[in-house]
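Structures given as structure tokens follow.
The same subunit A turns up in both complexes below, where it pairs with subunit B and then with subunit C.
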Partner chain A sequence: MDHHPSAETQRTLYPYVTGSSVVALKYKDGILMAADTGGSYGSTLRYKSIERMKPIGKHSLLGASGEISDFQEILRYLDELILYDNMWDDGNSLGPKEVHNYLTRIMYNRRNKFNPLWNSLILGGVKKGQKYLGMVSMIGVNFEDNHVATGLGNHLARPILRDEWHENLTFEEGVQLLEKCMRVLLYRDRSAVNKIQISKITEEGATVFPPFSLKTYWEFSAFKNPTVGAEGSW
Partner chain B sequence: MFRNQYDTDVTTWSPAGRLFQVEYAMEAVKQGSAAIGLRSKTHVVLACVNKANSELSSHQKKIFKVDDHIGVAIAGLTADGRVLSRYMRNECINYSYTYESPLPVGRLVVQLADKAQVCTQRSWKRPYGVGLLVGGLDESGAHLYYNCPSGNYFEYQAFAIGSRSQAAKTYLERKFENFVGSSREELIKDALIATRESLQGEKLRSSVCTVAVVGVGEPFHILDQETVQKLIDEFEIVREDEPPAEPQPPAEQDAPADQGTGADQGAAAASPDVAPMDI
Partner chain C sequence: MDQKMDFNAPHSMGTTIIGVTYNGGVVLGADSRTSTGVYVANRASDKITKLTDNVYVCRSGSAADSQVVSDYVTYFLHQHTIQLGQPATVKVAANLVRLLSYNNKNFLETGLIVGGWDKYEGGQIYGVPLGGTIVQQPFAIGGSGSSYLYGFFDQAWKEGMTKEEAEDLVKKAVSLAIARDGASGGVVRTVIINSEGVTRNFYPGDQLPLWHEELEPHNSLLDILGAPEPMNI
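Showing the complex of A and B:
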């Protein structure tokens, strides 16, 4: 699996095609996750239909922001991991906690080699009734929580979730809450596109719902005269 | 088994399709002192007979903690057993590090078996001369496995290996159907009684045996001598008219054993000339 480096080795310097925030929360039956389907190429919103959330094995769901090609590489690593796990054929299976830790090891080891996978990953899942939701960053920082987000989601979505999340949200409540977060991101994050996907994972399995668009409202009076109260601004 | 022209190295088949070196390795297991394992739904108990070579020396270590949720009892070449225990500990710790989760017992056992198999197919190696009783807990419950030098492994409700293990096995065969629902204390007692069977007349004392337990909410640990002696005293009957080395014949022990501790004091009618368990 190791590739011999070419004579001129390079390390990752900056990302090229990037996905914006992913937001996720625990609800009554499992985990709900949301992300838009955009892939930016710098400041251009170049790709509009990239799926940034994928089921992993029987028990997990992975969402990623950051470099899309690195996300695809991670999916290949996980594919191999799940394959070997299944090949044991022994009734044991890797749960979300195990996958999350495996990803943490990968991300941290790459960071140590100054060649990171430029992603922020969200790993959620349910196994034997236990819900799990964790995050790993490109430098290997990892933690678990009842709700997590990547990138700008941490600044725009988490405050909303801290106020309004509670245990045992129903599916409808969870989706509403996620939509609220995604709407704020759509208004305020310049790399967001209005084509959202929501996915869920429960004991029964994972579902990635088809993309849809959020209703937006641009007639706020504050938008009409945006510079009122900010003298000198334009 | 007698010497023959096909038994020089492990990579030679006999015309009857046997690998004699592997079979000889299994003989080494039979020569080691006894090790016993039993499991219930929630606990696994490992016990072994620990005879020191002389009064001056210490006992050989035959039970090893592999991880909080797995332990192993060995019989045969204890040096081989030590090396394999180190391998098992390594595998467990690496898995824990990568996945923050305990290694499922079934997977460890397969890795161990594959390692043993390698030694049956290399001309420059020899099979491990040790049998391992691996007891552990994971998501799917309590497990007890036996790993052979041949590279085979089997799952058991209860098993015994080593010299005079047949006596223990006979006892376990009678009782094993109840083990699934046994409590922790009943299981330990059954392990001690099975160990006593392997002692063939010798008195069961905590100085000649080692007992270890792993269970739900209870990490693998070896019971200290005091605790073991107390448990032995609870079911051992010592009567004045009999020489101290005479244990109870197993037939007497059955009924009180089923009733639990404390009821044993009532079964005092054993005749002094009834022979101890014979094989």
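Showing the complex of A and C:
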């Protein structure tokens, strides 16, 4: 294996420890976000208690999928950003829109150097009553919407959200909608783990709820006898 | 099977490494095989390396990479201890390991388990796998042999074990991994770290349990056959 560094010294080629989908939506009081606590190592479900959603400053919540070490590094950058913001001591604090922009610049500039931070990030928050929910990908694509998801969540969760999301969901409705999405991901995403965290951010602040497990349903008669009428099939 | 012996292949510690917290400290364990391709370059390596008096690291993956990382961390921690005026915490040691692993992720191929005891948080284990993620865990397994231990630990791990239970678990686990992983072998080494200090232990094959399809070792077949029949001349 050729190990000596060449002109293009740094270049992330592939992720090692990865987190699966994150899903988030706007509701009446702010943003609700959900992610499982799994860290996969290739096809092995190696780590089962990794927190992939963290509060940022007073007004934002960051959720990440992709390489966990890069997410941990991003948290360090944001720590520094918030620290410097607090040191101004001017009564102002960075809101979700600003933090989202900062992240977009980091991700896009790393992409330009062919050394991306291998993450898909979801940044949600509320400041002065204004709700904000945005996403940034590892190549710097960014946008905001009423509901967002990363990874397989884009294919499995967003269709559900497009159908059932509406303005002014209550906390209970929002949580149940997220749980519906996470359950589908549990059924259909190989790298999903049944240990889920939901977090919320409102004007009052951020709360990351403790991990819990979802019940799953297997009692369809077709599941019990899948090959009835077609022996040899599956 | 005519395999060419590649003596110039990089030294890799196939390895099984384990770190387990117990009620009062940590137990670190590892096998002792270092291979160069298919040849066993060192059958009695010591993969549990001291970073400070109270923090040790289990090394897996490339022997060279893991040695150089632990050398740098030992160097930095030594200076840090002098500046701090008291023993470094396990968290600081683990984060230094992470820093080197993460910032050199394109060049390094080493998975590490940092374990130790400090007066603030007691016994702690931190996993630093490939890529430089840092993960604090009640127990951690690593190296190629660890693939065979995920199921074992899911079943056998319990919170709040005693020192003896923890060391037995580690010995058993490394021994099971050695049985199935060609890249792990030799002896089982353990290091126990707690408030009282550090204890190193050494367990060769004859002091470990036998598993499925393994037989009691003997010096010779002749010992099994009993006294040889006198020749009938």
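Basically, the second predicted complex is superposed on the first by the 211 of 234 C-alpha atoms of A that agree within 3 Å, B and C clash if a C-alpha of one lies under 4 Å from a C-alpha of the other, contacts with A are read in each partner's own complex, and residues count from 1 in each chain.
Keep in mind that, in the parts below, contacts are C-beta pairs under 8 Å (C-beta built on N, C-alpha and C of every residue); 3 or more make two chains touch, one makes a residue touch a chain.
Predicted model only: the values in this text are computed from it and were never measured.
J.: Let's test your reading of the overlay: on subunit A, do subunit B and subunit C clash or fit side by side?
T.: On the shared subunit A, the partners fit.
J.: Looking at A:67 after the superposition, I want to know if it touches subunit B, subunit C, both of them or none. Which is it: first, second, both, neither?
T.: A:67 contacts subunit C only, not subunit B.
J.: Of subunit B and subunit C, which one touches more residues of subunit A?
T.: It is C that touches the greater number of subunit A residues.
J.: Is A:128 touching the first partner subunit B, the second partner subunit C, both, or neither of them?
T.: first
J.: Would you sort A:92 into first (subunit B), second (subunit C), both or neither based on which partner it touches?
T.: first
J.: What angle, in steps of 10 degrees, lies at subunit A between subunit B and subunit C when each chain is taken as its C-alpha centre?
T.: 120
J.: Is A:13 in contact with subunit B, with subunit C, with both, or with neither (first, second, both, neither)?
T.: second
J.: Contact-wise, after the overlay, does A:102 reach subunit B, subunit C, both or neither (first, second, both, neither)?
T.: In the superposition, A:102 contacts subunit B only.
J.: Is A:47 touching the first partner subunit B, the second partner subunit C, both, or neither of them?
T.: second
J.: Check the superposed model and tell me the shortest C-alpha distance between subunit B and subunit C, rounded to whole Å.
T.: Minimum C-alpha separation, subunit B to subunit C: 25 Å.
J.: Looking at subunit A, which of its residues have contacts with both subunit B and subunit C?
T.: After superposing on chain A, no subunit A residue contacts both subunit B and subunit C.
J.: Which of the residues in subunit A end up touching subunit B in this complex?
T.: Touch residues, subunit A against subunit B: 88, 90-92, 94-95, 97-98, 101-102, 105, 128.
J.: Hey, which residues of subunit A end up touching subunit C in the complex?
T.: Going through subunit A, the ones touching subunit C are 1, 3, 5, 9-13, 15-17, 39, 41, 44, 46-47, 49-50, 67-69, 72-73.
J.: Applying the document's contact rule, which stretches of subunit B touch subunit A when the two form their complex?
T.: 97-101, 104, 106-107, 110, 138-140
J.: For subunit C, which residues are in contact with subunit A within the complex?
T.: Against subunit A, the touching part of subunit C is residues 10, 98, 102, 105-107, 127, 129-135, 137, 147, 150.
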